[in-house]
Amino acid sequence: MYELGVVYRNITRADRAATDGLAALGSATVHEAMGRVGLMKPYMRPIYAGAQVSGTAVTVLLHPGDNWMMHVAAEQIQPGDIVVAAITAECTDGYFGDLLATSFMARGARALIIDAGVRDLKELTKMGFPVWSKAISSKGTIKATVGSVNIPVVCAGMIVNPGDVIVADDDGVVCVPKALAAKTLATAQAREANEGEKRAKLAVLGLDMYKMREPLAAAGLKYID
Amino acid sequence: MYELGVVYRNITRADRAATDGLAALGSATVHEAMGRVGLMKPYMRPIYAGAQVSGTAVTVLLHPGDNWMMHVAAEQIQPGDIVVAAITAECTDGYFGDLLATSFMARGARALIIDAGVRDLKELTKMGFPVWSKAISSKGTIKATVGSVNIPVVCAGMIVNPGDVIVADDDGVVCVPKALAAKTLATAQAREANEGEKRAKLAVLGLDMYKMREPLAAAGLKYID
Amino acid sequence: MYELGVVYRNITRADRAATDGLAALGSATVHEAMGRVGLMKPYMRPIYAGAQVSGTAVTVLLHPGDNWMMHVAAEQIQPGDIVVAAITAECTDGYFGDLLATSFMARGARALIIDAGVRDLKELTKMGFPVWSKAISSKGTIKATVGSVNIPVVCAGMIVNPGDVIVADDDGVVCVPKALAAKTLATAQAREANEGEKRAKLAVLGLDMYKMREPLAAAGLKYID
Amino acid sequence: MYELGVVYRNITRADRAATDGLAALGSATVHEAMGRVGLMKPYMRPIYAGAQVSGTAVTVLLHPGDNWMMHVAAEQIQPGDIVVAAITAECTDGYFGDLLATSFMARGARALIIDAGVRDLKELTKMGFPVWSKAISSKGTIKATVGSVNIPVVCAGMIVNPGDVIVADDDGVVCVPKALAAKTLATAQAREANEGEKRAKLAVLGLDMYKMREPLAAAGLKYID
Amino acid sequence: MYELGVVYRNITRADRAATDGLAALGSATVHEAMGRVGLMKPYMRPIYAGAQVSGTAVTVLLHPGDNWMMHVAAEQIQPGDIVVAAITAECTDGYFGDLLATSFMARGARALIIDAGVRDLKELTKMGFPVWSKAISSKGTIKATVGSVNIPVVCAGMIVNPGDVIVADDDGVVCVPKALAAKTLATAQAREANEGEKRAKLAVLGLDMYKMREPLAAAGLKYID
Amino acid sequence: MYELGVVYRNITRADRAATDGLAALGSATVHEAMGRVGLMKPYMRPIYAGAQVSGTAVTVLLHPGDNWMMHVAAEQIQPGDIVVAAITAECTDGYFGDLLATSFMARGARALIIDAGVRDLKELTKMGFPVWSKAISSKGTIKATVGSVNIPVVCAGMIVNPGDVIVADDDGVVCVPKALAAKTLATAQAREANEGEKRAKLAVLGLDMYKMREPLAAAGLKYID
């Protein structure tokens, strides 16, 4: 259950260097490095291709059709943050557009992750402010009911605590708990190095590189000519 | 319920100047200017990014898997029109491709809004004929059953009367009743002017610009350090 | 029902020249040429716009969340093949990324058609390896259970036999049975030639070009001024 | 577009006898009698099996998560009415429960048709007040924004004008324009009579009863032994 | 791809005794007995609870919104058959009601499995004719285009060959290839016997009965007090 | 992110009396009593109508298509518990049937809430063991990968901590944090008492009972005769 009507001003953010280092690795490698957990649902899609970011989460809980708390969240943004917006019920309204993006960018936000809709796509694309969302919709919102900022939220099926690391790219959005940021960076970088080597070898076959022929036979696979 | 088997040839179109002026404002601003109503459902998406149009609606009612009436509608198009296509039941078939687009463009159509599927994306993109649709599908249609042209239709959840204004861009599709075209243009332009000012100020915070701090406190919002 | 745990090494592929000739015609024309059948469901979408390919199907049956058989399939690829991947239950996991793509490309594969998810979009786009999929997801898979290679599969609602022709573009994915490849090519080319002529004429009206006015009247269509 | 903030008190209701007579015929026969139009989308489902009703529509337009206008609509109900509720955006909240049902029943309402959610299923079932809805949800609503009563609305894809006839049963919900009520009743009763005869004969085969063998052969159907 | 316009009159049906024996085992046990394959997608739901049937498949391929071939299929029904209906594109129309059910029952059909909609629920329930479908819809269909009878079809994602065994109950629908009917019956009966024993013991714990404690520890599971 | 491979044996359960008292109030009243929060998404539906339960949550995290941890969870059940099952990715497989239900009932479980599929509906209904699920599916699962028991999980969009109270009925499923159980019971009982009074009065109109006429007029509502 969500705590309503509160703004936590002092949150502990994940280690900055680890957070920033995770962007280059991408959501797929980072999620693998954590043991294949932490991903939001695949309906979360970027508004334009090619953006790849990481940052520390400022969370916001909104009501359906009401973006009042977005303005409250804006004030809590510090450079290097990514805003993660959850809604108390399913909604596809356009909570966020170029005006709020101007405000978010001025505070140093790197992206918005929202389990609802966004609008002003052309302007956001020009401004280079990336958004991952469930929907695109012109539908505006009102400012009538208070929610909360910097409480733990569920966004697209994933628990996000304020200060956690968000990594987002064309493949999706992953959340790394702040306590695991440094360790995940190390594991992911090791994986990545390893992948470079693998890629070179995969002009050959994974069957041979990964020595799969024997276990496949043991699992009963039969070849028929 | 729909009237079947009729083509209304003489429809009253919205004021041309007001119609044409609405394109630049975009679907989000126009929908706000009408009091946040008039939007089609957000599943309506453009086949390519960046198109932004307005025009007067020529409506067409089609049967599932049957695009016969598209040809009947083509003849009713006048320069500056946008064809709005509704189907009597859910269907994702590709009702429209480059051949029909050639015909539509020759008559002066600016776009197609269709609550079904479209095909020939590559050619339509090259031709610069924008379509907003529910689906993309190669599946062709037959020509067997009559529907109607220029009757009121429900397209993506919204009532569209022939001659109404359609405004469409990357954010979605909005319908402005013809009687409200001029008034909506004026309101939307005022909003837009105002937004320019707001954007400049939003390097500051919406909390201050909109004087939200007091009403938020009144609504019970608490800050916790 | 699917035969599990088998790899058919010697499959009969559709005629190479017919297969290769179908790419230029596109999925919509090819599906029309077959009598409007053969299309996969329209939820299958390309990871980037503009790719247009044809090739002979190497089929693979996978389990949910398990891409082991992708490596087995890789070895069965011959130049000019397209891998068609079906899953035994609904799944959106990212079964395929840049590593496997390196392997597939080295064997001469032209594309992947997968009724599940894909990842590493940025790299796949750079590599120019097109994928049509149901989802995009960072979520990785395990290698634990054997499926089959080159058995008949159901992919996105369509039966695909190994060696059949796959034609895919921005409009969707169509499967041409290998026995019909040459005949379909001839029919589709005739259609295409015909479409060129039609396009020129459609600056006029389909109503006249197709002589629709009489049958429409016979079907009861009424014009009201 | 919807007119907001108005309640039309004096609406013309469809002929009472025709309205009441349509219940026994059911939604399928009535929709056929109108030429296979008038049906709401099949996601509208009854909260319990077996209810079969007809009545005159009192329409209400609500905002997402806000059921204030339900109380306004209640006052406009006359015996024999069915309330038809549309929402300005997609919503699954539970707008209606046993309290409102008590109020509606006291006014003589026969059912509710709502393009959103309903709750208190156990009590509504005990009370015998049937509801056709898009969703079932405990989620309550607020009372904050005015909509309208007795304006034309779009409910589950269908235009409903105040005073139109609604016919609903286990198969779905159909809307009969008030001007067509008597004619539709006559056509539907004729169909029904005819169906009784057909049913008796269908112990034989439709192929013979409907004399389909010749047209099927003409359409190219081939039998293979 | 589907062969259109043909009716195969002489199909080989699965062994009658094996077919009939499978009903009592239910879809879950039968699917397990085949190695967890053969199930249609879980969106296929029975129109009333409690029906549990098996039978030999008579397949029919229909066009969207057109049930003409249902009448052709009726003639091919023999006692003990279950009709399996596939559509060439997604459709939720009500293809089947009490009239056709009368015809099907007179021929000895035990059920209908349809990847589309059904209507006349109340009458079908009274008649005791079970249907598993994707949708319930009053929407009627036309009789205009020929499809096929007794060709291999894809129904709800599963390949069904004419003469295969269908087993359907409240849990779903499974298809057993005719060649495997007897073997599957034997395996399923063995499983069932075994389940009876297990059920008795499961008042204890699966952890102990299945000796899972050691493999769970080996897999790294840790208990924390 | 989820902690994998752990079983917390000693969890603090919500107050027993408060937990048990909440069943009679139902999910709608309980969710209102908490300020309209705490509900799982409305796609969670009971397998049979009429069950109404409350209990303390034993949580379990499962992998797609793998129910191994269900057996681990069974051992942690104490009388009065309700098992809440979350999956690391979307899945509709049938994780639970009559065998596991026997085991759960023997330990004193009152229900299962699962964000995936269930099977053996007929037997579960006979046994009187209620399940709220996202899907019904015959598809069985394997036992290969460890998850966790009694960690915080996200089930159908809601965070559930081990020991929290679950209240479920025909209207949906609500989670009450254990710390709020007693307070929520008191508030809900007060609401319920109040509702009894309201119900009596609602033979009149909510407009009068709730004194809505003045605020509606203030909000701009206009009556038109």
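Order of writing sets the chain letters: A, B, C, D, E and F. Residues in each chain are counted from 1.
Basically, contacts are C-beta pairs under 8 Å (C-beta built on N, C-alpha and C of every residue); 3 or more make two chains touch, one makes a residue touch a chain.
Treat the numbers as computed from the prediction; the structure is a model and nothing was measured.
K.L.:
Out of curiosity, which chains are bumping into both chain A and chain D?
P.N.:
Per touch definition, common to chain A and chain D: B, F.
K.L.:
Going by the stated contact rule, which chains contact chain B and chain F alike?
P.N.:
Intersection of chain B and chain F contact lists gives A, C, D, E.
K.L.:
Call it same or different for chain D and chain E: same when shared residue numbers make up over half of all numbers used at their interface.
P.N.:
Under half shared, hence different.
K.L.:
For chain A and chain B, what's the span in angstrom between their mean Cα positions?
P.N.:
That gives a centre separation of 31 Å.
K.L.:
Using Cα averages as centroids, what's the distance between chain C and chain E in whole Å?
P.N.:
Each chain reduced to its C-alpha mean, chain C and chain E end up 28 Å apart.
K.L.:
What whole-Å value do you get for the distance between chain B and chain E if each is reduced to the mean of its CA atoms?
P.N.:
43
K.L.:
Going by the contact rule already set, what residues in chain E reach two or more other chains?
P.N.:
Those would be 36, 39, 89-90, 92, 139.
K.L.:
Which two-chain combinations qualify as touching?
P.N.:
A-B, A-C, A-D, A-F, B-C, B-D, B-E, C-E, C-F, D-E, D-F, E-F
K.L.:
Note which residues of chain F are touching chain C in the complex, please.
P.N.:
Its residues touching chain C are 63-65, 89-93, 139, 142, 144-145.
K.L.:
Contact residues on chain F for chain A in the complex?
P.N.:
For this pair, the touching residues of chain F are 1-2, 4, 34-38, 41, 88-90, 152, 154, 157-159, 175-177, 180.
K.L.:
Note which residues of chain B are touching chain C in the complex, please.
P.N.:
Residues of chain B touching chain C: 5-10, 68, 70-72, 74-75, 92, 94, 97-100, 102-103, 106, 117, 119-122, 125, 135-140, 143, 145-146.
K.L.:
Across the complex, what residues on chain F touch chain D?
P.N.:
Per the stated touch rule, the residues are 26-28, 31-32, 36, 39, 42, 45, 49-50, 52, 169-172, 174, 195, 198-199, 202-207, 210, 212, 216, 219-225.
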